[in-house]
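Across the two complexes that follow, chain A remains constant while its partner is chain B and subsequently chain C.
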Partner chain A sequence: MSAVSPLALRAPGFRLLRSELRLIVGRRRNQLGLAVLLILPIIIAFTVKATDTSEGGDFIGSISGNGMFVALAALSAALPLFLPVAVSAVSSDAIAGEAHQGTLRYLLTVPVSRARLLAVKAIAVAISCAGVTFAVALVGLVIGWILFPIGDVTLLSGTQISQGEGIARLVGVCAYMTLCLLALAAIGLFFSTLTEQPLGGSIAVIILAIVSAILNEIPQLDWLHPYLFVHHWMVFGDFFRAPVLWDNLREGALVSLGYIVVFVSAAWAHFTTKDITS
Partner chain B sequence: MDIFTKRPKLRWFVPVVFASAALAIPLASGAIFADDDTPALPKKTAQELLTDMRDSEVDGFSGTLVKNADLGLPSLGGDADFAALSGGTHTLRVWSAGSDKTRVALLGELGESDWIHNGKDAWFWSSEDNSVIHEKLDASEQPAPPNASHTPDQAADEVLGLLGPNTDVATDGTTRVASRDAYELVVKPRTDTSLIGEVRIAIDAEKSVPLSVQMFTKTGTKPAFEVGFTHIDFQKPGDEHFRFTPPPGAKVSEGYDNAGDKAWEDMINEGTFVGENWEAVWVGNGANLDEEAQRMIRALPAANGEWGRGHILESKLFSVLITDDGQIYVGAVTPERLYEAANSK
Partner chain C sequence: MTVTDSPSRALSPEGSRNSEHTACGAVITHDLMKTFRRSSKPAVDKLNLFVPRGSVYGFLGPNGSGKTTTIRMLLGLVSPDSGSVEVLGQSVSCRTSDTLHKVGALIEGPAFHPYLSGEANLRRLDAADTGVDPRTSSTRIGHALERVGLTAAAGKTFRTYSLGMKQRLGIAAALLCERELLVLDEPTNGLDPQGTREVRSLILELAAEGVTVLLSTHLLSEVEQVCSHVGVLRAGVLQAQGPLASLRPTPQLRIVTIDTVSTVAVLDRLGIAATVNDSGSVVAAFSAENPQPPDILRSLVNEGIAVREFRIEQPNLEETFIELTGEGFDVSG
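== the complex of A and B ==
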């Protein structure tokens, strides 16, 4: 038996992943969506600069004290709708996009198992989710530091931490948001295996997100709230309390992981057993 | 050859099993602090519990607590505003290390209001307004947080202050609050005019401090008001939790400077009580209320009787009568009791 290096074994997977990412980034639709998302922190920064705001919720009031808050204000503005729309578009395109273009059956002739193909698609979607979240934060950080001071960070609790620790907490926020968005992406991936219309899947994901957000506002359904994937999204602000309040973040991460495991496995169960006709 | 290759449709079992396992994990909606457990604890009488509670000594604690108010009144203010505590569900974090070190943080979505008492200084911080109010205190002065009865401890104190001959006090088994074993004490007013049906106080089995207080009306099955810990740690919190320096850029003002609040405070201090304990009615003079308050009063249902004419506000836990000649009657009692108090004036 000839010795095969583990790297060579995984190489086709890497090549697949690379081409998958190139596909996502190359889509004109995705480029436009990303541009809109990246303009958001810039708009927020210039608006605050022009109006000289030093109060207001949702981190807007903190911007004039430290430019880093542009990143947080942009993320909290993008989280309810813009980010879910972006995630739904990319995730529901994963399988349904290939089916729609008629390339899925050719892709399946590649000597790679369907499970592995799905895994590569899922990883590419996950990288996109993280990428878009961190990109919004990064643009916010850069524009914020250009227009506003750099220095100690005032927390929601009124106490201050160093700029370095502030960045660490911002990274925590991005990681948490990515996990929340991955729950939505997992649902999108599952829908993507069900349909040949990527747009249909994407609309279904957005409707699901909106319905969850509405249900989350109805007090009579409070027993249901903790199980809704949107319920814990806004608690990312708990990273900016003194000390960090982990309770809700932990529960939010747990709920997101639950959605990811259930829907990725459902996507696997369906995609590996269905008849591919297009 | 594994079973999934032989019978591919069985693969659907995987997500179904994951989904059922996920749903089996109980999630607290944040608003619930007690669970249905009834731990086995050595029996204690109500009197023993009251004595234990009075003698309990705790150097300090920190924790998270939830307050639910369902008084049948519209909610006021934003969720990180202390004024909003009159209605809805709120989460607070508290740190306490002795009588001169307290911090209470009211958590809002992406906002927070903090009240910090450290020795001779009291600070009030609002993230929404980016403002700080500072008060210098005398050594003996014990400042009250912006809204009374914040912790189960303070709420229990107020309830136990009402104990009198027309009260039943009993134990009612055990419960678990904030993942700690607790005794449950039930306080029941024995009077027809009180709106309060019963008050349940959960008392920590080990430390003998109140962990939750729930007030029920005579008719309701859900508490009209409750406050309880979802998490508590009896370790004395470190000094860093009580240190506060106004952050740069914040508006800092010295002392409360709000003429409106002052007028309210004067009015409350000048009032008197009619009746005792559960039937007590506070009587004050509201002739100097501002135009906005007057407008709100005129919007309330009208009432009249031997005492004259006025307006009545009814909620699940308290009633308010404002007569046209400017007298205000407030109590955790039925409107009839207020009319009686107004008649005897």
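== the complex of A and C ==
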């Protein structure tokens, strides 16, 4: 990072963010979680290679045609549970972790304004969400290209697009998934301001994600479905239609943005006024 | 200076809030009130704290008397229900905390990231401070670690530190940059006798440099050794506040003799109002304006009084403290 713009990153505003990212990356728990997530595309790739299948849903069937689909299959496998767990752990740790350790009172008396601390924490969590999503995709891409052919990408509809456009669409998928995960992270950040127990916050986020997924499966509640944050998660496959089906993606993005605005505001309103007794 | 239920103690007039005083107060609170949710009694009740600039202010009180809540309000961590806080001439609230750049604090014991080294923890706190020059970061961190004698253990992770080392790191964090006010909550807690002495001399050293120190403690010997001013809190109410000397009870003259009546008469002639106590000793309040002990003794002997015992007793701060905060062992809810 420092190679990009060393001067800007040394500016006072960035020192805390760098410190924050270093803290997240340096945590053994996070490193282990990331390792588990990154093994996922490798397992998928080797399994497909060993069994030599060209069948199976969720992009697995397309892998033998183009290695790029390992990335998509891995993302699709990680999205329902692994990624939400990772995001919930990091986001609920943001404030609650510091409160639990007692370091929050020392950060605030440095002083760091509460709004600034929350902003830095939120940005660090957002970078983590993006980082983990893109890392899974990148590892999938690399292992896919090592084990399987590279070249034109055959879409689900049978249309062919160039490898370059395929990569661009994969980046689109990652960006969309990051946005979906950010909705969850915003909820986690809000919970994080409510409690001094990071684990409690993270369990609450996971429960919320599971309940939301269950509600999304109940047909009688279809009026509620569009408002559930998980409802549009799996539509990321629409990036690989010809042409891209933007409707669901746009709706999913808007719902995610709505959650982000509401919960980040709630976190801000609560955190900037609460008594810090930890 | 305010004394609530002991009017006999000589203290300066209450509510001395003229501009001159405001200018030289490092910490001033006006009628500070805080009642926590789910609590009927206020944790801090109409507190008027006045910490003069350049003083070492001993903030005394039993456990649960509201010291920490007060400190948290001074640092903008807890917002008061009513009243105001002024630190280094600027008002403090949850939102505006810029004044705290000049304040170093140790609040309710040290707290750091367990898996980071002592040095990395200080670097993180320094990174959070927008008011300092990042280029001097390493120098300042090194200097702070050196001041608390932690240079050798700087690279060890915080979790391997002993309680005393953790405490030292907390003090180092408070000294990361130049401060005008240090708020130290029980800074010698967990330190070995050498460490305790070092911290005391460090406090005196800083005070000599002109730093105001607000020292929250319940170690009375510590107060007697380092503090110039004292405030005593009990159940959220300030019982007394002022220079340490004003809080110290007046020394007592005690004479054991058979000739109590003539002794009282002699003392009376010397301008000392004496009485005979239950155990038959002649006692009197003794102040510096009175004749010196050798002169008193000479007068008594010249009168032919057989003096068996003659002493000036200096009651210690502990008695005053107990008197102000109550005997009970129970934590006041």
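The rule we apply is simple: the second predicted complex is superposed on the first by the 268 of 278 C-alpha atoms of A that agree within 3 Å, B and C clash if a C-alpha of one lies under 4 Å from a C-alpha of the other, contacts with A are read in each partner's own complex, and residues count from 1 in each chain.
Following the convention adopted for this analysis, a residue touches a chain if its C-beta (ideal position, glycine included) is under 8 Å from a C-beta of that chain, and two chains touch if they have at least 3 such contacts.
This structure is a prediction, so every number in the text was calculated from the model and none was measured.
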- Message: Taking chain A as the common reference, can chain B and chain C both be placed on it without clashing, or not? Answer clash or fit.
- Response: fit
- Task: Look at A:Leu156 in the shared chain and tell me whether it touches chain B only, chain C only, both, or neither; answer first, second, both or neither.
- Result: first
- Touch check for A:Pro226: first (chain B), second (chain C), both, or neither? first
- Message: Which partner chains sit in contact with A:Ser76 here, chain B, chain C, both or neither? Use first/second/both/neither.
- Response: first
- Query: Given the touch rule stated above, what does A:Thr272 touch, chain B (first), chain C (second), both, or neither?
  - Reply: both
- Using the touch definition from the top, say if A:Thr51 reaches chain B (first), chain C (second), both or neither. neither
- Query: What angle, in steps of 10 degrees, lies at chain A between chain B and chain C when each chain is taken as its C-alpha centre?
  - Reply: 140
- Message: Going by the contact rule set out at the top, does A:Leu107 touch chain B (first), chain C (second), both, or neither?
- Response: second
- Decide which partner touches more residues of chain A, taking chain B and chain C as the two options. B
- Query: Of the two partner chains, chain B (first) and chain C (second), which one does A:Gln31 touch, if any: first, second, both, or neither?
  - Reply: neither
- Item | Lowest C-alpha to C-alpha distance for chain C against chain B (Å) | 7
- chain A residues contacted in one complex by chain B, in the other by chain C: 272-273
- Task: In the complex, go through chain C and note every residue touching chain A.
- Result: 36, 72, 75-79, 94-98, 100-101, 103, 105, 107-109, 111-116, 123-125, 127-130, 134, 173
- Message: For the complex, give me every residue of chain A touching chain B.
- Response: 54-59, 61-62, 64-65, 76, 152, 154, 156-160, 222-223, 225-227, 234-235, 237, 241, 245, 247-248, 251, 254-255, 258, 261-263, 265-266, 268-270, 272-273
- Message: Help me check something: in the complex, which residues belonging to chain A touch chain C?
- Response: 10, 12-13, 15-16, 18-19, 23, 26-28, 101-103, 105-114, 117, 272-273, 275-277
- Query: Where on chain B is chain A touching in the complex?
  - Reply: 8-9, 11-12, 14-15, 18-19, 22-23, 25, 27-31, 64, 78, 80, 93, 105, 107-112, 114, 123, 125, 127-132, 230-231, 243-250
